[in-house]
Amino acid sequence: MWKYVLKRLLLLIPVMLGTILVVFFIMDQSDVDPAKVMLGDAATEETIAQLHEELGLDDPFLVRYARYVLNLIKGDMGTSYNYHTPVANQIAARLPNTILLAGTAVLLTIIVGIPIGVLAAKKQYSFFDNISMVFCLFGAASPAFWIGLILVLVFSLKLPILPASGMGKGFINCLLSLILPAITLSLHGTATAARTTRSSMLDTIRQDYIDTARAKGTSEKVITRKHMLRNALIPVITAVGLNFGVLLGGSVLTETVFAWPGIGRYVIESIKTQDIPSVLGCVVTLSVMFTIVNVLVDILYAFVDPRIKAQYKRAGRK
Amino acid sequence: MSFLSIDNLKVDYVTDDGIVHALNGVSLELVQGETLGLVGETGAGKTTMAKCIMGILPKRTGKIRSGEITFEEKNLLKCSEKELQSIRGAQIAMIFQDPMTSLNPVLTVGEQIAEAVENHERCGKARAMERAEEMLELVGIPAERVHEYPHQFSGGMKQRVVIAIALACNPKMLIADEPTTALDVTIQAQVLEMMQSLKRQLNTSMLLITHDLGVVAQNCDRVAVIYAGEIVEYGTVMDVFKRMKHPYTQGLFSSIPQINADVKRLNSIPGLMLDPTLDVEGCRFCDRCKYATEECRINHPELVEIESGHSVRCFQKK
Amino acid sequence: MNEKQTGNIVTNGINSRSLWAEAWLRFKRNRVAVAGLIFVAFLIVVSIATLVLDLVTSNEIYNAYVVKQNLSLKLAPPSAEHVFGCDEYGRDILFRLIWGTRYSLFIGVVSIAIALVGGGILGSIAGFYGGKVDQMIMRVMDVFLSIPSMVMAIAIVSALGTGMTNLLFSIAVPQIPRLARIVRASVMSVKDREFVEAARSVGAGDFEIILKYIIPNALSPIIVQASLSVGAAILSIAGLSFLGIGVQPPAPEWGSILNAARTYMRDAWHISVIPGLMIMITVLSLNVAGDGLRDALDPKLKN
């Protein structure tokens, strides 16, 4: 089993290198000349050429890519054109806030979405089932940033009970300021999780082994918890994992709506100031986060589903 | 003396495509210590009957219209869910048709056997696990495989596990729903032999559902032939095998290929089983019966005892 | 699809009409899906109508009602004259919504069409040839999949700028791997069927086989996924415009109306509520129509 985990983690390296390559390639298409931006108005033809030489800006693409990766390993993401400080420091200051927001949203997705899906499936075609499926349709179709705006309109402007923007200082204020953005960000995922859980539960309910469990005299509660959920949640894990990508993309929008001091807001700010190293750093960070989450989901999957676990064991023996 | 008796049981399935009459007034008795064979083709209502006795009909679609199922002087259809739970597995246990799907893929076989024990006996987890190991040994699987998952077992082995689950609490009665249909012929014999010897050891009564007359001949004391949700013939194995009266039973026997007879084509009963959504006035078999008369089409025959312990539902064979 | 239908395809080319006719019958029974489809059709008619109007009147209406500022009506609340009120420059929101329809629909449909071509080519090559080629293409797709699509769109727009082509591209590229996967799976599921063998045995080339025999038979899951992706694309474009890096003002794209709305939320709730509702209803219609299409084409999948 640990061999499997190790293998997955090792596989992370080529995927991350590939991801960074793609992102680096995209950002390389920008026609902003870093030397011009860095030198500002004082730039002359010669100073620009000199800086190009110094920074190796005219080197072939792959050389610059390799240099970027090597620097990245050392924790160097370049210097922000805007702040004139290392991009890595800017990101390090904002990353915890993004993780806090995204983590809370994932948590909400799980503790709201899964129970809704389970209840809806257990009471298929009931009023609750219909209502929650309508909620899911609307949740999946609403632009997250718009839901954010509406929440601000209702809970900050009309009934001023929650802060409309920023991140509060101190535990209580921070928590209060987290509520609206986390709900906004989690909505899409909650809808997806509820829908996936419902259809996967409905599939499980029909399985023969549920009858076997009933025939042993197992109570309905235990059947739901032990027999149905453990099977039904396997595809839900995948869905929540994949949805984390949507969630990270959504964090850019949500952080902008709520002025949340995270990476998403930083990337938009950097785009507006043409601060390419910062944009690159943010996109790389978000992508790497998603890649890591994907691998964690894969590993979790193997722990939950004995079929995969055993598959690997058998392969390992050979 | 009978310890399980079914009286005038009528069951419908309410589906989107209409009401399916699955059982149309089934009456049946099982003598303690004996094996009753229930024979009939697919869709005749065999599994529905088994599920009714267990009280595990699908709640949303399965509707019991009338009837009584008396088990040791208790009407199972009037029992609360709690009472039923204490009977299921402990007093009456069931073996399902397809061993491939009747075990939960994410629980070890040990956990699944132990669950049956824990449901009914106030003993610790450790004791239940010990019991699971004993049961595995009893059905001929080495006890050390108790921690393996279903997918690591072959079909025949899985069916042994299913049997171990059913017998874990020494039930007084065992319902076996086509326990060998999904298995290879060689494995079939092994499994049946094992079931017989376990049944003798534990003095269990058995309802053996099958469409294989050979299985009935070898294992049963009495036989009930079911057609379109009705018992059409009932008697001892001798009665039914030697002096079959109902045209349908005769058809069943003549469709068995005979090894010493030189036939080009297998005999089959012409036509298809009655559409179970229809309400019919006359005999349910008359459309396929070569002896059918006007009377058969208008009136519905009752199950009539033609000799001691041998009953037939047919006007022509009184 | 049953054997009879696949048999038909071998004998007379593309006679899978009965499958589509059956699917249409099933689709018609699904009232929600039909309602969704009708609304989408209505939006298409609206966007074509505005395009034609602009052409005929040489942008007269567009200039007079959609982009012309009228500061006396700044942030006017909904009234009989301006049903949905006016925005921060006094422009009628209803007019802007109507004229904005084409952006969402056009970008949604065209970007998914681009993604479909890209994903279709990659997916069918991977699925058809299998082996090393498949491995290579799918590993590259895996890398693309590990960049969140909105994040990739943002990266592309920030590097290339916010022109229409770049926008289309930024929405399309992140969708390619998903569509490629689906195309690959469908192609793999049909490539070993008898009618492909039959075509091969009469000497059809790989390209011909993929285009004439495999794609038409692998079509239904692809169409379903594509129709559901259009909704996702519309949400993306609205998101980009809301961030100010999508369709640029004064074009009345729905997301960019919302961008301006943020500043005036305290004084004029209508600017933020109504365009968002529009986006939601549009995406909702596309999703229910797509779901209905899926259930109609493959009734087994329905839960």
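List of remarks:
When the chains are written out, they are named A, B and C in that same order, and each has its own residue count from 1.
Here is the rule we go by: a contact is a pair of C-beta atoms (placed from the backbone, for glycine too) under 8 Å apart; a residue touches a chain by one contact, two chains touch by 3 or more.
From a predicted model like this one, the values you see are computed outputs, not experimental measurements.
Common neighbours of chain A and chain B under the contact rule above are absent.
Chain centres were defined as the mean of their Cα atoms; on that basis the chain farthest from chain A turns out to be B. For the pair chain B and chain C, the distance between C-alpha centroids works out to 54 Å. Here the spacing of chain A and chain C, counted between their Cα centres, is 23 Å. Within chain A, no positions touching two or more other chains are listed.
Among the residues of chain B, none is found touching two or more other chains. Those residues of chain C that touch chain A in the complex are listed here as 139-140, 142-160, 231, 235, 238-239, 242-245, 255, 258, 261-262, 265-266, 269, 272-273, 275-276, 279-281, 283-284, 287-288, 303.
Here chain A touches chain C in the complex through residues 15, 18-19, 21-23, 26-30, 137-138, 140-147, 149-150, 152-153, 157, 198-199, 202-203, 245-246, 248-250, 252-253, 256-257, 267-268, 271-272, 276, 279, 283, 286-287, 290-291, 294, going by the rule given at the top. Considering their complex, residues 51, 54, 56, 60, 81, 84-90, 93-94, 96-98, 101-108, 112, 115-116, 119-120, 149, 151-152, 162, 165-166, 168 of chain B touch chain A. Interface of chain A with chain B (complex): residues 124-125, 207-209, 211-220, 226-227, 230-231, 234, 304-307, 310.
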